[in-house]
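Look for chain A in each of the two complexes below; its partner is chain B in the first and chain C in the second.
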Partner chain A sequence: MKLIKIAVDYSDTPLGRYPADGNFNGQRFREEFLVPALKAEDKTVVDIDDVEGYGSSFLDEAFGGLVREGHFSSKDLKQKLQIQCQNSDYSIYANLIWKYINEARAKKKSA
Partner chain B sequence: MNKILDFLYHISPELIAVILGGIFIQLFFVRRANEAELINFLIKELDELRTDALEYWNLDCSKLDQKPRARILEQKIKGAFKSLASDLNHYSSRYHKKLEHEKLMSEVADACTGGQFEGATRPSEPARYIMVINTINRIKSELMRRKL
Partner chain C sequence: MITTRHSRKSFAVTGNGGRRHWRNNWLLHRDRKNRDLRAGMRRGKRERFWLETALDLNDHTRSSVRTTKEHRIIIDLPEELDFEANYETTASHFRILRLATNLKSRLKTLRFEKIRYISPAAALVLASEVDRWNQVVGGKLRPNTEAWHEDIQRLLFEMGYFDLLHLPQPDQLSPTKNTTFLKFKRGDLHDPNAGQIAKQLRQEIENIVGGSIKRHFLFEGLSEAITNVSQHAYSSSKDIEVKQWWLSASYNRDQRSLCVIFYDQGVGIPETLPSSHLYEFIKDAFHRWPDSEKIQAAMVVGRSSNEGVERGKGLQNLVEFAQSHREGVLSIYSLRGLYQMLNKRNGAGPVITTVRKDHETSVGGTLIEWSVKLD
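Let's look at the complex of A and B:
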């Protein structure tokens, strides 16, 4: 099992979708952290606590992008990915992450 | 003296009932007043978020003079959203009211911080205005219903 704590391992101020938007963007997090961990391990836990705030653009690119870019299906992700938050204030972001993963699958089907 | 004590002895059950009733009624109304005050505070937070989000999506980040303001608003919007989500959780647990706020807040997140939010060269997106206004108004209506 691999644990990725975004605030510690990546940044406590992640922002934007693409590299042009900033160093700690969603695409980089997906390609450099999520994809390698999900491919190498049976289970990857992403801890979303202690970040100053997330934009939907970052979350959608990082997590929804896993499905959109064809790395995994949403069904695979339900088995391999766990979003963890101790602080209940962050539960809204966990819900958003799963929403983007599920919506990305829907977009792929309708395309 | 005996007559007064005798009188008090006879009316004491009614007196206690009236005092207890008064206390309970007071507690009820204080609770309602506190809840209404918290709802007013939440609505004020929502209004501020709406104002900032509308200004943000009106800015064109490909223009150098508008970028600094956009960068400030991005952080304000993310902070306001996080604070609002936390306050709505508090409201829901404090008053044991099942708000569908998580679903509504996810719509607000999409409207205010979705798309090209924090994009380096994001153009102005007037089409987002109506999304921002409608999603925030839905939460406000839900809260107002609780208040009335």
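Let's look at the complex of A and C:
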């Protein structure tokens, strides 16, 4: 099992979707942290507490992007990914993460 | 006698000739004067025609603009600059300021003397336009602050107009009693430290309130406003020279109301929202899809401005800060449209109402205003 605490391992001020939006964007978090952990481990726990807040662009790109970019299906993620938070204010983000994962559709690969 | 007659004749000839000569000279002078006058009038008309065209003058701005002998432009700002109460006049004056800036060195003076009221949102847009002028032309519009109304001097001083534009501070002014301001902030596009900047803004806004606010909702709103500028505002605008955003905030202690305003001079939400259905495409093609409706469409979760990228998700964060308080208003002005969401909680739960409005003149980008009542 792998534990990723976003505030400690990545940034307490995650922001934006792409590298152009800022250093600690959703795409980078997905590609450098989530995908390697999810591929290497049976279970990955992501602790979302203690950050300033999460914009939807960050959450959608980091987590919804796992499905859109074809790394995993939402069914796989239900088994492999766990979102953890102690602070009740942050439970809204846990719900949003699963919403974005469930809504995401894998992009069609061009021939 | 002969001499006398001759003299008389000579005198008579000279006299008639003199009068004729004088008359001819006078006619010549009058013709020349009339010709000059006509040429002057033609020049004046040409100048005025050029001014009307270059600055796209309308009924709200026609009497506010004139030129010097050196053909440089002087703009008089109106008595009331307020998007809510006096939208067309306010936006039209900012538009001519933008167009005058595009003419580089043609703008000579921007006169504040007539202003008696300026709203915080209008003050932010005004500061951004003067800031743009400074950056594009590389000079400073030096204000004659002594001629300004004292309330305007005080307000712009407290809002950070002089700091933002590196202008000399006006002499001693008594502070505003009930309102604390966060001085104007300016941010660059694609700043790698955007997250830290959003955190710092959140902290500074918390400082003026003097207590804790719903910090993660505020951070979300600020971070999405910054992300929105980075991804969309200047995306298809090769001719925009200054690609920045501006922010200001104020807190009224008596009313316990916090107001945060964010502005960019980009292409606007309506320009970056594609028609996702055939009927929207047709409405757009026939100019029957107003900007306010496009802003509303962009607020709907799942609408995309780039294929596969869901912009509505980000704009939802703007709503959440207003919705997380007992009373909150979110106003989004983008190009000619206004979309407003009012949230008021009563015993039965939150009551949310929305307002849409379209104007003749564009706000010149996107202006987002949150106004919330703290518990």
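Convention: the second predicted complex is superposed on the first by the 104 of 111 C-alpha atoms of A that agree within 3 Å, B and C clash if a C-alpha of one lies under 4 Å from a C-alpha of the other, contacts with A are read in each partner's own complex, and residues count from 1 in each chain.
Definition applied: contacts are C-beta pairs under 8 Å (C-beta built on N, C-alpha and C of every residue); 3 or more make two chains touch, one makes a residue touch a chain.
All figures in this text were calculated on a predicted structure; none of them were measured in a lab.
When the shared chain is aligned, chain B and chain C each come close enough to touch A:56.
By the touch criterion defined above, A:24 reaches chain C but does not reach chain B. In the superposition on chain A, A:15 contacts both chain B and chain C. When the two structures are aligned on the shared chain, A:91 is found in touch with chain B, with no touch to chain C.
In the superposition on chain A, A:42 contacts neither chain B nor chain C. Contact with chain C, but none with chain B, is seen for A:68 once the two complexes are overlaid on the shared chain.
Chain A residues 15-18, 20-22, 52-58, 60, 89 lie at the interface with chain B in one structure and with chain C in the other. Those residues of chain A lying in contact with chain C across their complex are 11-18, 20-24, 52-58, 60, 68, 89-90, 100, 103, 107.
If you check the complex, the residues on chain A that touch chain B are 15-18, 20-22, 52-58, 60, 88-89, 91-92, 95-96, 99. Put simply, chain C touches chain A in their complex at residues 190-196, 198-199, 202, 215-220, 223-224, 226-227, 230-231, 302, 308-310, 313-314, 316-317.
Those residues of chain B that touch chain A in the shared complex are 74-75, 78-79, 81-82, 85-86, 89, 102, 105-106, 109-110, 112-121.
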